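This report concerns only the one structure given below.
Going by the order they are written in, the chains are A, B and C; count residues from 1 in each one.
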Amino acid sequence: MSEPMLQVTGLRAGYLDTTVIRDLSLTVTAGEVAVMIGPNGHGKTTLLRAISGLITPAAGQVLLDGQDVTGWPAERIAAMGLVHVPQGDGLFPEMTVEENLMMGAFPAQSWRERRREVARIYERFPIVAGKAPQRARTLSGGERRLVALGRALMRTSRIMLIDEPSLGLAPVAIDAVYEAIAALKQSGATVVLVEENFTHVGGVADAVHILEAGQIVASGPFAELSVDPTVVQTYLGSLS
Amino acid sequence: MVTNFVAIVVNTIILGSIYGLVAIGMTLIYGTLRILDMSQGSMVMVGSFIGWGVLVVAGWSPVLAILAAFAATFMLGVLTQLVSVQPLMKRRNAIDFEMVTFITTFAVAMVLTNVALEVLGPFQRNVTPVISGGVTIHTVNLPYQSLAMAIVSIALMAGLGLFLSRTRWGMAIRAVAQNLDAARLMGVPVGKLYPLTMGLASALAGVAGVFLGGLYFAYPGAGDLPLLEALIVVIFGGLGSLPGTIYAAYAIGLIQATAEQIVGETWSLPILYGVILIVLIVRPYGLLGKPSEARL
Amino acid sequence: MTDHAPVTGRQALARSAFPSMTSGRWGLTAFAVAIAAAIPLVMTNQYYLSVMVTTLILLVLNISWNFVLGVAGVWNFGQLAIYAMGGYGAGIMMLRTSLSPWLALLAGGVVAAIAAMLLAFPTLRLYGIYTSLLTFAFAEVIQYMILNDGSGITGGSFGLPSVPGLFDTLSIDDQNRAYYWTILAIVVTVTLVLAAVKQSELGIALRSIRDAPAYAAARGVNPLRLRVIAFAISGFIAGVAGALYVCAEGSISPSVMGLTPMSVYVTMLVIGGLGTSTGPIIGTILVQIVATVLVTRPGAEFTILGLFLLVVVIFVPDGLAGVVGRYWRRIGVWAAEGENPAADEPPDTGEAVPDGTAAASQAEGSPDPHVA
């Protein structure tokens, strides 16, 4: 078995006075879509932020494709190929859709390279292409989410962290977003996906981890956990 | 009557351009670093002295003076950020970051001003205008230096606008201003971007200083008034908004020019302060809204 | 502070007003005051004595400023104008009426308090940094109005003509000493009163507004009323300081206000430590020493002050009083073990940690020795 793309060991992280993640360990292999499920406030977002470097872990280790990135600043980890789509999309509100996409490929030096990537994204997401000259803050929630995903695809990534992509969206929009994620999975991307419940992840999840009170309380392949009665009861979502 | 009107228009353009150039650096800094940089005024002063040094002492060309002022104040700006802001960055959530950096940048201004005082003495030095002479319109005197200053400031403001919208680093600066976390996740090296931004803003102030030196004098306290003016403009225009700053600069220029015509020069500044007081009372966030909405 | 031996009424009063003061600490404070009082008896150089008188006046001003800064959490840059208004108020009344200088002190305080209360109203609506700018604009307007006053009341840029002082009947040397002791007494009184206020319901309510405005509002605390009161108190004290200035100097001019003096006083407060009781004392004395030594070279003086300010804010955010505070606690513990073993450990609640420069979470060592 090849080296895991992401290996988190004994992670402890939080904010000024509070510890949110306690002694958390997680392994994600290349090409896997790992889904973190858990109630709000139990550390899902904190976990992603600690992995991507927005928060410095208080203890523990994070290995990205074998490289120890623990305590690195977010911009450095990003440059190593980690793409984090934050909760609520994290777009630049006053920039146009196109500018947002261009920023997505910031590390790439040449203008032409970046324009080429933008064209690729437009092809893949025609909705986004249609909104190109508009300021990001004028878009609807669903459109913004798609732009955020498109932006995340602007550079080649080793791993993508996606925080609650279905949050606050209408069902139609959610479908569009998960279509995009499915396409991602198809292309072999490694993804850590965070959601509140099982409702939409059926089509994409490989492994599932249940996160409660800052710790992983259950892990397993989606096929197993999704039929486990206690799990289903707690994280009820209509599974189709 | 016509004279008054012409005077108002001319002075509005001149004052507005001065205020704009001096204030735009502060807005740039506030938008990205979320601090009020109190050392901007002293950067103007440094620029004036460099103007004096290059133009008067060495007798070289104005272009060289401008380039030298730009380079010197750029480096000073970078240094200021590294010394007075960067060390506080890691604590930024635990302290009143805005207020503390207000004090530390103010301390830097104190040091710069008083080193100048100690080394160069309190005397005012004449700085050769970049262009001398002037023109008279309807008995209103318009020195070419003022005109040059207005043109240069407008050019610089436009240049800054282009830099921010068309270049990679300019976009990065806007990104940091609009959403710091997201910018970092795109790989923007904020550790380098912050000092560069302060360097750039200080350089703009430094160039303003070369021209202002020619209009007034170069002396250690030369930064106090520009600092005040910049603060007034940015409050008025709303912190962190570049278009707001530019509107505010000319609006304040207009108010001051009008006040000068009506009540004379001595009362124009207090009237200005009075207007600011009223604006703040009526619209606590300045003309264009809350500072949290950075509109760089 | 749990059960201990029965206390006298006076002890109980002292404990409630100044919970962290033990008899050991009171002793040390009294000792310090005694030393300060003894100085004029020993110091014969009248120049230095008058510098100390000025220092004491500034101390009163800084204490008032520190109160509104630390307890109310408001960066009021108009304090100098209020101080000046107190001075001008007192001076003008003494010149134009036959008001005695002692009453003029009170009058100056009242004038300043009123001005401060007026200033309080608009500041409530403003967010953080805008308060600083508004109060600063206020100060600039006042200064300009005085400078350009053609009516002769304030004397414009020349200042007031000769104003009677408190001790005009004494010899010059005796006057210096009289002012020294009087103002020292005022400093001690004001410090104690303000320290008691900080611990009182008023003080606690003020701090709750500063630290947790939503919570305070939910508890029914009225921020406007409290801020006006805080400004009034600090304004009154600043006004008294201004009146003292005008009596001691015999005159007052617009040069007492402005960016330069303000930067000096801000430096004094920040270096000393904002919001603490001893902070202004340490800061004022330290900066005055530097200023006196370098009086002929203002450039060097301010450069050093600026560097000092920078270093303190970044590396010692509690100010020097924080450093002192740590030793103070050790003395407190040592003295307490004499009377009530294990009773008087000062609780680690961070009182004097305003939003100004210190960390919001309790830094090591309670910096304020007078208040728990």
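Operating definition for what follows: a residue touches a chain if its C-beta (ideal position, glycine included) is under 8 Å from a C-beta of that chain, and two chains touch if they have at least 3 such contacts.
Bear in mind that the values here come from a model prediction, so they are computed numbers and not experimental data.
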Revision key, fill the gap. Judged by C-alpha centres, the chain sitting nearest the middle of the protein is B
Revision key, fill the gap. Ranked by contact pairs, first place goes to B-C
Practice item. For chain A and chain B, let me know how many angstrom lie between their CA-based centres, rounded off. Key: 42
Check your understanding: How far is the middle of chain A from the middle of chain C, if each middle is the mean of its Cα atoms, in Å?
Key -> 54
Study note, to complete from the structure: Distance between the CA centroids of chain B and chain C (whole Å) is 34
Check your understanding: Can you list the residues of chain C that touch 2 or more other chains?
Key -> 361
**Study point:** chain B, residues touching no fewer than two other chains
**Key:** 94
Point to revise | Junction residues of chain A - those touching two or more other chains | key: 16
Review point. In the complex formed with chain B, which residues of chain A make contact?
Key: 16, 52-54, 73-75, 78-79, 83-84, 86, 90-95, 99, 102-104, 106-107, 111
Check your understanding: How about chain B: which of its residues touch chain A in the complex?
Key -> 93-94, 168, 171-172, 174-175, 178-179, 181-191, 294-296
**Study point:** Complex contacts: residues of chain C adjacent to chain B
**Key:** 75, 122, 125-130, 132-134, 137-138, 140-141, 144-145, 148, 259, 263, 266-267, 270, 297-303, 305-307, 309-310, 313-314, 317, 355-361
Revision key, fill the gap. The residues of chain B that touch chain C in their complex are 36, 83-84, 87-88, 91, 94-96, 98-100, 102-104, 106-111, 113-119, 220, 224, 228, 231-232, 235, 266-267, 269-270, 273-274, 276-277, 280-281, 284-285, 291
